[in-house]
Structure formats: structure tokens, C-alpha cells
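Following this line, the structures themselves.
Shared chain: chain A. Partners: chain B in the first complex, chain C in the second.
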Partner chain A sequence: MSRTPLDTVEHAAATPDVELPWAELGLKKDEYERIVEILGRRPTGAELAMYSVMWSEHCSYKSSKIHLRQFGEKAPENDALLVGIGENAGVVDVGQGYAVTFKVESHNHPSYVEPYQGAATGVGGIVRDIIAMGARPVAVVDPLRFGAADHPDTKRVLPGVVAGIGGYGNCLGLPNIGGEVVFDACYQGNPLVNAGCVGVMRHEDIHLAKASGAGNKVILYGARTGGDGIGGASILASETFDDAKPSKRPAVQVGDPFQEKLLIECTLEAFAEKLVVGIQDLGAAGLSCATSELASNGSGGMRVTLDDVPLRDSTLSPEEILMSESQERMCAVVEPEKVDRFLEICAKWDVIATVIGEVTDGDRLEIFWHGGKIVEVDPRTVAHEGPVYERPYARPEWQDALQADDANKLPRPETAEELKAQVLKLVASPNQASKKWITQQYDHFVQGNTVLAMPEDSGMIRIDEKTGLGVALATDGNGRYAKLDPYTGAQLALAEAYRNVATTGAKPLAVSDCLNFGSPEDPAVMWQFVEAVRGLADGCQQLGTPVTGGNVSLYNQTGEAAIHPTPVVAVLGVIDDVARRTPVAFQEEGQLLYLLGDTREEFGGSAWSQVVHDHLGGLPPKVDLERERLLAEILISASRDGMIDSAHDLSDGGLIQAVVESALLGGKGARLVVPDGLDAFTFLLSESAGRAIVAVPRSEEVRFNDMCGARGLPVTRVGVVDGDTVEVQGEFELTLAELREAHEATIPALLA
Partner chain B sequence: MARVVVDVMLKPEILDPQGQAVQRALPRLGFDGISDVRQGKRFELEVDGPVDEAALARIHDLAESFLANTVIEDFSVKVESDDVAAGAAK
Partner chain C sequence: MTARIGVVTFPGSLDDRDTQRAIRLAGAEPVALWHKDKDLKQVDAVVLPGGFSYGDYLRAGAISRFSPVMETVIEQAKAGLPVLGICNGFQVLTEAHLLPGAMLGNDHLHFICRDQKLRVENAATAWTSDYSEGQEIFVPLKNMDGRYVADEYTLDKLEAEGRVVFRYLDVNPNGSLRDIAGITNEAGNVVGLMPHPEHATEPLIGTGRTDGLPFFTSILKKLVNA
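Let's look at the complex of A and B:
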């Protein structure tokens, strides 16, 4: 890209007719014209590089912005919210002076191209978001979606992704406590690799990224800048994969977790000594993003000398330096008298740190290279005032036919023997089978504070050793439900994550989301997105859990085929004493099994319809958020007062799936009785929402029933923990050994 | 029997944490004057039969699909003389 003479601001003003490769950088004609209008001249090459990455879908949210506003507008009153949407990550008060920050992001496209490094750097990126808030990362979670489990490419992508997440997280010393693994052919050419992180800090340590105060120094620290991932933000994330254009697949970035570990310690030490005015991690769009966002969040003026950026490759052009997505870099704004101390701390941690510029009292971001001024822009126009699209959206015409194709009308098992065979097939199907082979590649327990991890309903981390204060985090998202009805599907994802947190005994507080969809240029996909956002915003309002931040990933499609709309929802909860948590596993024989909530004939999008009939149609289960709220209150009270010894939420796979999991984890069987008014099939396999199954010690039976009765929650006694089989009386019996074989052999057989 | 060597190196623009760790250690150990280190992998393949074009094409193929991750790595294939192979194998 180097050209002579240097394309300075003066040069650009003097040569208005020079053609720039704006289209190759992913900009549309009207977007380029707007840049020219903003600047009053043609942009320099460096300015074009900055605008193109910052105005990409990935960085500017140009298609999603107008819809995401609902998360703010409909945000419920919530005293726990200390920092809301718009920062690197939201911050939630969890009591005892602690605050927790958490966020989920996507790294879908890079992980398809290079599974190991794509997934690894996804973890790295979300961890830097958390440390940029001044919080110490304590756990990560990974919601994953892959193509069909038996497809050969899944065997390429999945092991790489899993090893990358495990490798990076384990090197950092962060336990991986949750997430999901879902297989569906719709993700074949476009797997979803979402990564979440939780960080903990004291209230007084909350920091916001901004650069105020003229004379303050801008320090770039961490890894050297190299030629990796150049243009990744704009090109890789904004364009659909197209086999005809291999040049659109630039080299992905390689991460270095040991460097990231040093960044964590170095950053937190600088925070502790109050050396930092503002801070920003370098993720997508690298220095372009960090400088323009820091400047526009402060007073606006900043001067940067690009020659001072430490390089791994001395031949990089200034445009490439601005666009590079080299990992493990951060940018801090530090008062002049504290610079020496800041550099000392970096040196102590063996982290390269360089002053690359300073805050000025103007309102311009100016960047210099070899003595010439190559960028002079209002940083707000780069960072925050990018294009905003009101993309057309329309309910696809196939939606009615899809919903009319009612799963409730599918042929059901006619004999007990057939029901038994289908149950066995279900618990052995890739989506319902044990994911132990995958999750055991992650370190769950490093740091010694993990209370619950997969396959529990939510991960739980102790954050105070003396009081036992802890936080729980669950992620959920069912693309099949969302395909049938995006509004309800998003609410079902929220409801399930909310329920999962409550099932462990923690009180749900706040939400983060990662919205994975196809191309926003397709009105049908846009409609799915709009509906899902509306559903999620309405749901959060009703449940009283605000969205604190998150991420939108669009263009998840191969050719014309979009993935199922997949809103992944993370719910964070707090528990006063982790010793009170409720596990999934059955604890003691003789305990009574109670089903909480109502069971209806709801099979649309169900695991049963997929596994037995390879069918997707009808309507997803109904959502009743008031009921979810009541169920959560009951589960939390019962846990706190010691009325239940185990609990499991009912979701995909229905009651039988939950019972089998609890039985296998506890090594204790169950005898189930089909309640009056239900047939065995519906009882075992319906996926009605707002339900959980709990094990109640006999001594607590009366008290537990009274509590549910007083609060009006339907409760049905459905069996007892007993023996070494799962028996459905009058129907069938399966030994734990045969269930274990079916449930645990599937994934290793396909992938190991 | 002939030996074919496949060298696999990270592409130049890709970060090489291992090479960097070595490079940083050098001055600490008193070895000055090395400005950069890149670390790669060397595969020595003992080939049955003659190393003709067909054999090299096969090796190129296996290197591309299995030995190297061509998203982030480059590789080169070269034939070592039989003498060298015999000497090294003793």
C-alpha cells in the first residue's frame, strides 16, 4: 500500500481526484461520499483505512443500532446496574461492596477459517474487555454451535475450536464454567463461537474508557504490532463467505495467552495504583478503534505519532498499522507525572509499553507518520457517528407454512417399547448427549473458586472466601425455536438462562447477549433480528433484568442460506452463600421428585421432533415470564431454606432428559409415575417452558408443598429417587448402565 | 531410500510467540546481536522407492493437507541426497 509521496492531509487536499480503493475496503459508494463530505476533501489512505474498519458492520452496528436502542429504552429499573450498555462491558452490583462485569461476544468467522486460533483469540478479546473495566477476570464460558455432528468438516472445526478455547483459557488460568454445544446442519459453513467472561472488582475500582485532560499521554502496551488480521474487522466480518473470492480471507491472528496473562496483571496493578485516566483494549479495528474511541469518549482531541508504535514487521505501512488486529494490546491514557510509574509497572511484567501520543485540547484526532500528518478527523465521526441503516425487513412468506407444519401432529410412539426406544435415541443424540468429552478439555477448577461447572444448569464462582458470596452465569439460545418464532425464541432463550441461574439457587440480576444472525441485507433475516431484539427487550423489561451489553454478529451465512436466528442470552445471578447452591445430581435415595410448572402438548422445535422425525415446524413452546419469575423465586427460596437437594430445569429433551442427567450425575435412579391428566409421551418429552424438576427430602415435603401452594405455583409429585434404573411405571425401565452408555458414548465416537 | 525434508514455518505476518520467547531470552543469557527469531518445524520423511515427480507431488500433497496448517503456515519440500540420508541414519 505504500506510495510516494506520503498521502498526507495536505496531499489529499491538493489531489482531490486520486481514486481510492474504498469498495475493496468494504465501503459503499454513499458511505464513501459521506466521508468526503465530513472531511470536506478526499480522505487520505490512512483516514480511509480508519473509516472503513470503524464503519464496518462489526464495529459500527450500522444495521442493528436503531433496534438495539430498545435495550436502553425498555431497560427495567434495577438498582444493581452500576454501568449500563455502551461501555466495554456492563457492571452489576452483587452486594458486599463487590461489582461484577460480564459480556458475551462472537468470534464466528475467524473460527471457521482457523478454528484453533480463531477460538483462542475470541477468548483473548473478551478477557481484555473485562480488564479494560478494571475487573479481574474470574471465569469464562463458551456457547458454541457447529454443523451436523457427523459431517466431516465438523471434525475439522470442533476439535480446533475446543482446543483453542481450552488452550488459551487454561494458559491464562481462567476456569471455563459454562456454555453450550449445539449441532445443526444450518451452522455447517458458519459455526458460532461465542465467548463470555466474568470479572470481579470492588465498587470503587470501576473505570470507564475515556481520554480527558490535555497533555495526558497515550500509551500503547502489550504485544508489538504486526501484519496479522489486517482488515479483518471490515472484510472478514462484514462479507459473507464466498468461494469465488479467496483473497477475502486474510491471515487470521495468532494469540499468545502468556502475553495476555501479563497484560491482565500489569493492567490491574496500574489500576490499583490509580495511574490510569482511560483505557481501551485493542480488538477489532485495532489502533483505529482504540484511538478514535478513547478520543471521542473524552474531550475529543488527540495527537498520535505512528512511528512510535512498536512493530513486529518494519515494512508495515501506516494504513496497515492502523488496521492491524495483532492481539494482546491495550491503550491507556495516563497523566504525565504518572507515566514513569506506569512504564515501570509494564517493565516489571516484561510488557512493552510506549508513549505514542497525547491528549490535546482541540477536538481533532491527528495522526503523524514520518513527519507528515496523515489523519485529521473529528474522532466522533469515526467512532460513533457512522452510518445508520434502517434496513427493510419483512416477515418471510415461508414463515406461515413453517408454523403450520405442526410438530404436534407428528406420529407419536404407539407402544411402550417404541417410547422407550425413542427416549434412548433422544438421550444419545448429539445435542442431548453428554458433552463431557468436550468440556473436560477445559480446566473448570483452576483458581479454586469454581462451585459449579458444566454440566450443571449454570456455572457458579465464589467471589468472597469469607462470606461465600458467589455469582452464577448461564448461557442459552435455541435457534430452532427462534426460527419458528424469533420473538418467542429470544424470550425462550432469556427464560431458559434465567431459569438455569435460579435453578442453582442464585438470583438473576442482569443480561448480556450475543445476537447471531444471517445477512441484514436479506429482509427476512432482518425481520428475524428485529423480532428477536424486540422479544428480548420486552422480556428483560418484564423480568426486571436489564441488558448490560453484548454483541451482534451478522452475515452468518453461506451463500443464500442463513443460519437459524440464534440469539444467545447470558444471565448473571448472585448467591449470598455458595454453600446453599442446588446441584443437578440426585443426592439421596428416597427423596421425592416434584415437577414444577405446567406441562402442555408442545413439540414445535423440540429435540424429539428433530431426533425422531428430523422435523422443524409448528410453534415453539409458549412463554409466560410471570410464571418464570415465580418459578425462580420458589427455586431460590427452596434452595436458601434447604427444602430441595437437587434441581434441574426442563428444556430441550423435556422431563426425561432432565431426569436422566440428574440420575447419571448422581449415580442414582428414579421411579417416575405419569401424573393424572397427562399421557406418558407428553409427560416425558414435551418442552413446555417454565418448568423444573426438584428432589425434596421427605422431611421437607409439607413445607415445600405449602410454599408452592401459597404462591400459586402448580406442583406435581412425579416420582422418587430410587434404585439403579430410570423407570416410568407401566411404560418402561432403563438401567443407568445402558443410559450411561447411550448418553456418553456418542460424542467421543463422532469426534474423538 | 531417500530422505525428503519438509520445513514448516509460520507465515511472516503471523505472530510467533515461541520464537519471541527465544529471542527475548537470548540477551538475558548473554547472546547479543540477534534481532529476531522465528521457530518452525522440520519433518524428515524416509521415502520408499525413488523420489520422482510423482512421489514429490504426493509429499507436497500430504504436507499441504496434514503437516502444515496453510492458513497460518508456509512449507517447503526438499530432497536430501541419499549420501546425507545414509550418513545421518547410521
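Let's look at the complex of A and C:
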């Protein structure tokens, strides 16, 4: 990108034959030709830079767009949805005049290249999305997936990712209340670092990313712009890793959480004084994204003087300034008479703020550098009219064989002793073991509103001190299920997150998702994606929980090997009074344990099949969303009416895993009886969906049974909270001490 | 009458609002103080809250210690103003030399967040009179740089003068010398500790314990009865 002479619009028109490095910037030939067609000339270097990042897979969703439309088309009627897909984050009405915004995003590729900074800036990015909606961030969650727990590289990646999430989130003062940690060899070269954030605001404070009103000023504020993260969206997030290419470390951004904390406070103060017309955070594609999106969502055009952008490195070219993904920056549109006050607030918080342009009444985005016009485009063509691909997709040939390899036929334990040994092995396996070593590196107390945090079924935050109104958030995903059947796997992820929210007593309201897949250029991967999206959209329609936004992460593969298809689903719920929340831990000896739902022989993709047989095959558990909805209603009613004192959803690891967790957290054991019609193995280890286990005080037994009976939910008494062992009558007994040792020693031994 | 207790907000303070809430729950009136403002607004006591002031860059508390507000806090603390430093606030107090010793990175090199058991060693300070000596309490702890260190002479002196206010029990979470979790100055008006009493003031929130509330009721009683 030669700058002598400056590659202005005029110069580009006069020199049509100049070769531009479109391929190096990640554009395909037909995409470049389309840019030339749109402009009626060759693009300038700066224009090419903008198009290349904005038309990247990461920013344009070019492979996924046609499928994601289903989330809108199949969206259930839901009065709670205030802002839907397309904005920085969706906004949901939670009552009492409060609105909640939440979203999950991926920062997978950077976190593999540079675990600490990759994960840290993942938190930073999602938090800015939430601030940009006008909300105060109140909590974060982190669904994480790594390679095999005992692989040497996992010891490089995991501690760095965890320290990065902690280092950034703790320093921002955001409680970390949930998420997941999953190990599987399929993520070895492609760890999944997803980050979610929840924010709270009053209805009237919702802000949108648009630039309206000719003459309004465009203010860039926050960190100075540097050379970090240039091309992060196009090069790093939108291509498959290849050992032969040079290290991509320079494309990873470096985070400064202190700066972000100041950005939060000064932005919220500016909102409170109603100084902001439109706002956009600078994340992927930096200024290219912020200017083109603000302009194309507004009514007019925009004129920007790039010379006014405060720089960390004065040698940056205009192309680099436009592409830089330096963190902790935001862009606000402010009426001229309010600019001084806006700048004053920034100064109070020691945040650099600069007017870099203004909204015009035309329809063009014009950018100037050293007096020359280096960009003149219709911003819509940059932000919204990128290429759309209908990638070919096909059910992979191996899918039938995989499903025929039935896990239900695997050898089962033949003696009680064998069953006991397998249970102990299961609760100690890396995926089922306690993640305390990880979660204790996150602050979950800050802000003083945390009602529930991991390892509870969902995180819960109080949002009103007087009324006790609160929100719950759970994230779930199971790549093994999705590999066996992506449609069902996506619905199981939704069902589990939905169930987890209800288990704590909150009413599920809305969904965000992070769809992690391999290369869309592989028809088999594309089929997994298409099936998962269809499954999720159908599931959300049936459960009445709309998808409010989310993120797609493709190209999670190394060479030919893609990760398991991994749709991660976040469900947000509301609870009228957090005093009625239901925890996981057993509370009192003598309380009766009831199993809700049906248990079938379902071991496909199960934790047992993985831990005991290193097997993945067959079909995942069946999904019955009507049953999930009924179960949720029962759990919420029981919590509201004080009929249950603890509850835990049953998912990977089955009933025994849930009982062991409740027992260890409560410091109280349990005596279990295998119910009629089930064998001990299926009772303890099946992963049938639509189930939960609850502890009912004896005084509530009749009322609780009557309620389940009247509503038609199968309920089975399976034991009692008692003693300091977990005993399965007639089978085996394990002391809490040996269970605790097995459950809690694994992760520190591997990673500390 | 009630007491007015100031809470300083430095850039990067995180638990300032939580501390204000704890003061309110105890029945006192919280007053927001700003780091750039030397004026303490005639408060009766000051809390330096937790967080990562100035990002903990350079060294935790090292930059905040030079804030305009600290000039007044240092001056008035020496004249007897009750001052409590929690976590980052404790770090600021040692950097400001209102308390002896220093805070280093945790010995295990990780951030740690846990429900920490403590023993109250001194129930005679301005901030601990509602506890009894020897009382065992649980208060959340969360820090990166919580390892209290001082030379042997200072440590012996602190012990001899009863100025170790809290000690870690069961687990030493950061490698602090002599399991020290909190200390006081000679006069007993300045107290610093790493755990966060403001996070243990409501039965529903956090760990569900309220073992931290006596900090704020102690100071309130002292001020009201003064």
C-alpha cells in the first residue's frame, strides 16, 4: 500500500491498473471484483483495508448469514424482547422497569496463539458490547473448551486463558458467575474461549449504534490507536491455522483492563446525562467497523479526519489506523452543544477523547488523511452488503457409521464393585471433576449482588436491592452430542441451559448463542452448522425463548481435522425475588430426594462412554422440549412456594454426578434406592434429558407430589439426604471424604 | 445521630459501591470521596476500598498513595481519624506508610477468590470492637497481591504490641508471613486487611454470611458514642 503519492480517491480513479494486495488481506478474487464494481473504480488502499476486514467471515457472517435468518423467521412471540438481533446485543424486559442485555462471543483463535491476551481481550470485547447498549455490566460468564486435560499444550493454553479472563474481568470489577470447562482432544489445536456478559439498565436508557443528525460530532474516546491486532478479524479469525505460515502473534490485541474500567465509568456517566445520540464500541475491524456501522445505521453520511485519531505509534499508515484492533476504544455521536460536557466527563476519568469527524447529510462515508480524501464509499456496502455465500453442505459419509456404533451396547459393569469403581473414576475424570482450581481465580463477589455463582446450575445476580428482582444466566453446550447429531445436539444445549436456569428458580426468557464450528468450506462441517442452527431455531420457537443475538466462530480446525460442532447456548432468566432461589447443595438431613422426569437407557455421547470406554458413537439422548417446559414450570413453582430446598439438573454424568455434587457442596451425604423398573447402572449413569433431582422437606412431600401428579410430570422418590456417605442401597457406599478427594484433586494435579 | 463514613473512589476502585452499601446496612451514612479532591467533606471516618486502583500498575497502591485525597487522609489519620483499608486499600495504606510492611504477589502466583476463615486477634481497634478476641469468622478474600511481608523486627513488634488484628486460619491463601491477614497502627485507628468484610454483610449475597458487618457497626458505635 504505497503512500507516495497518497492513494486518494482521485488517484485511484486515475490509476486503474495499480495492483492491490487484496489476496494478502484475505479477500477472494470475486470479492475484490465486486468492490471494484460497487465503487466504479479500483478501491484506494484505505478502502481496500476497510472492505477486507468488514467482509471477513468474522465481521460479515458471509457463510452463516442465510442460515441465521431462521432465528428471526422462527422467533416466538415474546413481549419481553425490546431489542433483537443486529444490534451490539439483544435487550430483554425483566420487569419493574428494568431491561437486561446479554451476549456471548468467541475469542477462540487469538486465545490459542496468545492465551492470556486472547482471553483477556475476549472479555474486554463483550463487555464493551454491553456498555454500548447503555447498560452497566453486572456479570460475566466463560464457557471454555480445551484439548485433552493431560496434553502438554493444554498446560500452556488453559492457565493462560484462565489468568487472562481473571486478570481482565477481576480488574474491571465484574463478578464471574458461570460458564463451563470441557476437555476433549478435538479442541487440542483449537481451544474455544467464549465469553458472555450481562448488563442492566432502565428501559429508557437503551442506546443504539447509529449516527443521526447532520452536524453531530463523532468522538473517538479511550485508548490511543496502535499497531496491535491489525487484521485480527480477517486474518486470524477467518482462516484455518496452518503450521507452515508465520506466527500470527502480531494480530492478537493486548488488553488494558484499567483503561476499560475507566471507559465503563465515563460512558455510563455520559449516558446518565443524556449526552449520547449513538454509540459503537471498537472491536473487530476497529475504526472501519465503527464508522461504517454508525453511518450505515443512521440517516446520513459521515466525514472523518483520520489525522485526528490519537496514535500510540506515529508511523502508522491510514490503512493500519483503519484496521487496528487496539482495545478499549469507543466511538460516540454527540450533538455539538453537548460535546464540551462529554469531553469534560472523559477528562474527569482521565480518558482521552477526540472529535474525529461529524455526521453529514449525504449518504457517503468520507475519510480524509493529510488533506486528501482516501475513502469515499456508501457505508452500507461496507457494513451490510458484504458477500453472502450459499456454501454447499452435505451429511458426512461417516455420520451413519458413527450413529450405528451404539454406546448402549458397550460392556457395562457386571458387579457392584465394578460399578463403584466406574462411578469413582467418573467423578474424578477431568470433565466431571470440580473446577474450583479454575473458578477460584475469578472474583465472584464484587458488586455485592451475587446470589449464585459456579458451581451452581446457573449464575444469579440481584438487580434491585429493594424488591430482590434478579436475573439468572446459564451457558451449556455438548460437542459430543452435537457430533452424533447436530440438530439434536443444539437442542440439548438449549434444553440444558433452559433447565439450569429453571433449576435455580428463575423463569427462562431469552437466548444468546456462540456457534463454534470448523471450516465452512468443508461441506460436512457446513452440514453440521446448518443442522445445529435449524435445531436451535426450532427449539427456541418451541420453548418461546427468542434468540436475541450471538456470534458465529468458524474455521476452528487444524488441517483437515475440525472440532466437534459446538453450539454453546446461553439462556437468561428472571426471578421476582432472589430470596427464593434454589441452590445445588443439600441443605438438611432427612429431606427426601425426588427424581423428576423419565430415565431411559441413553448412553450415546455420555460421560460414562467417554471415561470408561473412550467411546463416541450412537445417538445422543432424546429431546422433548414440551417436557423441558413442564419440568421448568414445576421447578419454578416449587421454588416459589417453598416446596424444595435444593435442586440440581441431570446432564453429563447422570444422576450420580448430580448427587455427588450436591452432597459435596452441602457437606451432607445421601442414601439412594434404585427405583423399580430400572437397573442400578442406568439409574446412576444414563444421561436422559428433561430430568432434575430435588430435595423436598418432609412437610412438603404431599403437596409436592400432588403438584407433579396434577401436572403430569413423572416423579420418583429415590432416596434421602443423610449421613456422610453416598450410598446406593444394595450396591455400594462411598464416603464424602473419598469422593471429595477424587472430585477435587484431579484438576490441580493436572494443571497447578 | 449517625456517623458519616467516607469511601474513596480511585480510578480502578471496584468495591467502592459495595462498601457504601455495607456502611448503609450498618446504619451509618456513606459519603463518596473522589481521589482528585483533597476535601474529606468532614466525614468521621474513611474507608479505602478494594479494587485495582491505577490497574495495580507499577505496584499495587503505589500510584494511589500520591493522590490528592491521600494527602488529607494521611494527615488526618495521624491525628486520629479512623481509616480502614480493604485489600487494595490495605496496599495503599502500606505504600503510604500509615501501616508497616508491604504486600507482594501471592506465593502461588494466581489470583485467589475464596471464603476465608480468620481469627480476630485484636478486638480493641476502632474497626473491630464488635468482635471478641479469638472469635473465628469467615470473610471472602480475593486478591493477586496479598502476601503480607515485613522484616522480623517489625513482625515481632507487631506481635508484641497486639497489632496483628486478623490471622488466616486453616489455609494461608497467599503466603503471608505469620499468617497475617490484617494489622493496625499503634493508635488503633488505622486498620488494613486483605479479606473483604463488605462482601459479608447480607445473608443472601455472596457466601451468605454476615461476618463482615461488625466492622461497620464497630466504627458506627465508636463514632456515635464518642
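Keep in mind that, in the parts below, the second predicted complex is superposed on the first by the 745 of 752 C-alpha atoms of A that agree within 3 Å, B and C clash if a C-alpha of one lies under 4 Å from a C-alpha of the other, contacts with A are read in each partner's own complex, and residues count from 1 in each chain.
Keep in mind that, in the parts below, contacts are C-beta pairs under 8 Å (C-beta built on N, C-alpha and C of every residue); 3 or more make two chains touch, one makes a residue touch a chain.
Please read these numbers as outputs of a predicted model, since none were measured by experiment.
Superposition of the two structures on chain A shows chain C fitting alongside chain B with no clash. Once the two complexes are laid over each other on the shared chain, residue contacts for A:His444 go to chain C alone; chain B is not touched. Once the two complexes are overlaid on the shared chain, A:Ile66 sits clear of chain B and of chain C alike.
Residue contacts after overlaying the shared chain place A:Asn170 against chain C, while chain B stays out of touching range.
Between chain B and chain C, an angle of 60 degrees opens at the CA centre of chain A in the superposed model, to the nearest 10. By the touch criterion defined above, A:Ala579 lies against chain C but remains apart from chain B after alignment on the C-alpha atoms of chain A. When the two complexes are overlaid on their common chain A, residue A:Ala745 makes contact with neither chain B nor chain C. Among chain B and chain C, the chain that touches a larger number of residues in chain A is C.
Legend: residue contacts after superposition of the two complexes on their common chain; A:Ala185 is shown touching neither chain B nor chain C.
Applying the stated contact rule after C-alpha superposition, one finds that A:Phe258 touches each of chain B and chain C. Contacts of A:Asp313 after superposition: chain B is touched, whereas chain C is not reached.
Of the two partner chains, chain B is the only one touched by A:Gly227; chain C is not. Once both complexes are placed on a shared chain A, the shortest Cα to Cα gap between chain B and chain C comes to 5 Å. Residue overlap on chain A between the chain B contacts of one complex and the chain C contacts of the other covers 256, 258-259, 350. Chain A contributes residues 163, 166-167, 170-173, 256-259, 261-262, 349-350, 439-451, 462, 465, 468, 578-579, 752 to its touches with chain C in the complex.
Every residue of chain A that touches chain B in the complex is listed here, in rising order: 113-114, 117, 223, 226-228, 230, 251-256, 258-259, 312-313, 326-327, 350.
Across the interface of their complex, chain A is touched by residues 10-17, 20, 24, 69, 71-72 of chain B. Of all residues in chain C, only 11-12, 14-15, 17-18, 21-22, 50-52, 54-57, 108, 110-114, 140, 142, 144, 196, 198-199, 201-202, 204-207 touch chain A in the complex they form.
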